[in-house]
Amino acid sequence: MLTLGHAQTIAAETLAEGRRLGLAPLACVVLDRGGHILTLLRDENASIYRPEIAMGKAAGCLGMGFGGRELAKRAAAMPMFFNGLQAAFPSGMLPVPGGVLIRDADGGLLGAVGVTGDTSDNDELCALAGIAAAGLHADTGA
Amino acid sequence: MLTLGHAQTIAAETLAEGRRLGLAPLACVVLDRGGHILTLLRDENASIYRPEIAMGKAAGCLGMGFGGRELAKRAAAMPMFFNGLQAAFPSGMLPVPGGVLIRDADGGLLGAVGVTGDTSDNDELCALAGIAAAGLHADTGA
Amino acid sequence: MLTLGHAQTIAAETLAEGRRLGLAPLACVVLDRGGHILTLLRDENASIYRPEIAMGKAAGCLGMGFGGRELAKRAAAMPMFFNGLQAAFPSGMLPVPGGVLIRDADGGLLGAVGVTGDTSDNDELCALAGIAAAGLHADTGA
Amino acid sequence: MLTLGHAQTIAAETLAEGRRLGLAPLACVVLDRGGHILTLLRDENASIYRPEIAMGKAAGCLGMGFGGRELAKRAAAMPMFFNGLQAAFPSGMLPVPGGVLIRDADGGLLGAVGVTGDTSDNDELCALAGIAAAGLHADTGA
């Protein structure tokens, strides 16, 4: 089970990695496997709907069971289906890198991270640093 | 301006106060003055829609410009009006203690906190501890 | 037909009346008879969801065809019906004074004003000043 | 901080510029940096959902932190991501010119303008005239 302690480590280290890399101000949400927020952080200089974007990345991963890179591939192949998912999922669906599933050592699903603020590739890099700092395993869908 | 650092102190100390007092598991959201999340924490044992409750408390305070105790008094006097606000505000409106405005030393509005998980009175006690730990001023509407 | 010029006079004089009376910071919306905004003003010190409240007052009047005072009376008599209206109307329904229909000299419907920020009675006083300044006729539902 | 006075100058001059240029009837919204309306003007001959369009332009800029021209470029490159943003942002997202960030002399973010009614390029021209009239700085994302 993903604890709030895990989630705080993931989110804090995600934003810290962004600062180390000199990225734009980030927001990061960590969801449990039920899709409910454990923690969310938004840099005070990040734009106002970054929480919604972070949610759309993380909840999209949990909603379909794949990391953001696999979702991006599928969205490109089935745009109308993903268009429907974006309207149907209660927190939306943003099928891009920066949405990352969190797994345990056996591959069991624990939750998801959504990061936004810089390029999607950079957002994902920060998520990976956050998940590693918590001693957990990232599934980007690659 | 309320920074993410302020918000993290407020939320972490709010939950810590709940543990010190032996309260039920809490969730706490800290919003900037525009109503946008800076941070949200939900204990992994808190029920799943506690973030929505915390948002409804905090956003209700910002939407009307009063702390939760004043909102509770007004809601009791004008139930139909407040029922309408609950539908009209984008994050809802929960007019009870545990929604607290954050002010600076001059009374300027910085944002709001919403806390939920125990009784509303206890939720508010924890919010007060959190805001005090950040060196800021609480406006409960009392 | 209500012009933007009328609407600007109504809204500007509504807020000016509030300042003359020393009221709390106000927001005021003026809707045409189709329920669409001609102008909206929110004092920069008014709380953030005052536009939503102003809309709920004005659109509620147009939706039912009565000024806010008549709506308040009906809401008290039929609370469950008005509860349903609050969920059903796209901009909500706030059946209180401060929602005022705008009529021409023959009683023809031109639009509606919604004012919020101080007590509902004071909000309405300001709406009356604004409508009078535009040379039009107010229908408060009294 | 963007005042209502600033916002009224911006919106009034935006519509005045449209009349000087002989453009189609315009609507213009000015949002504070939290995305909340300070003022909205819709010409009585502009079509009924112009306020929604103006909101989608302005709120989209604030939500992502870029002017409409940069958003348009990104939307062309990442259509599925922007489609998701359109569903996820509470006031939608219209990534086209005519959404313009308002900045102070130091580049600090003050709010956003959304203009609609004529071509997007012409809408933007009017926004620029409005922002200049208020002595503030426009960020179109170009």
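Each chain gets a letter, A, B, C and D, in the order it is written, and its residues are counted from 1.
Criterion: a residue touches a chain if its C-beta (ideal position, glycine included) is under 8 Å from a C-beta of that chain, and two chains touch if they have at least 3 such contacts.
Protein identities per chain, from UniProt: A, B, C, D = GlcG protein.
None of the values given here were measured: they were computed from a predicted structure.
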Self-contact between copies subunit B (GlcG protein) and subunit C (GlcG protein), residue sets same or different by half: different
Separation of mean Cα positions, subunit C (GlcG protein) and subunit B (GlcG protein) [Å, integer]: 30
Interchain centroid distance [CA atoms averaged], subunit A (GlcG protein)/subunit B (GlcG protein), Å: 26
Overlap residues in subunit C (GlcG protein), where contacts from two or more other chains coincide: 48-49
Touching chain combinations (by label order): A-B, A-D, B-C, B-D, C-D
Subunit A (GlcG protein)-touching residues of subunit D (GlcG protein), taken from the complex the two chains share: 33-35, 59, 62-65, 78-81, 83-85, 87-90
Residues of subunit D (GlcG protein) touching subunit B (GlcG protein) in the complex: 32-36, 90
Contact set on subunit B (GlcG protein) toward subunit A (GlcG protein) in their complex: 1-4, 7-8, 15, 32, 34, 36-44, 48-49, 51
Residue numbers on subunit C (GlcG protein) that touch subunit B (GlcG protein), as the complex places them: 24, 46-50, 52-53, 55-56, 60, 72, 75-76, 79, 82-83, 86-87, 91-96, 120
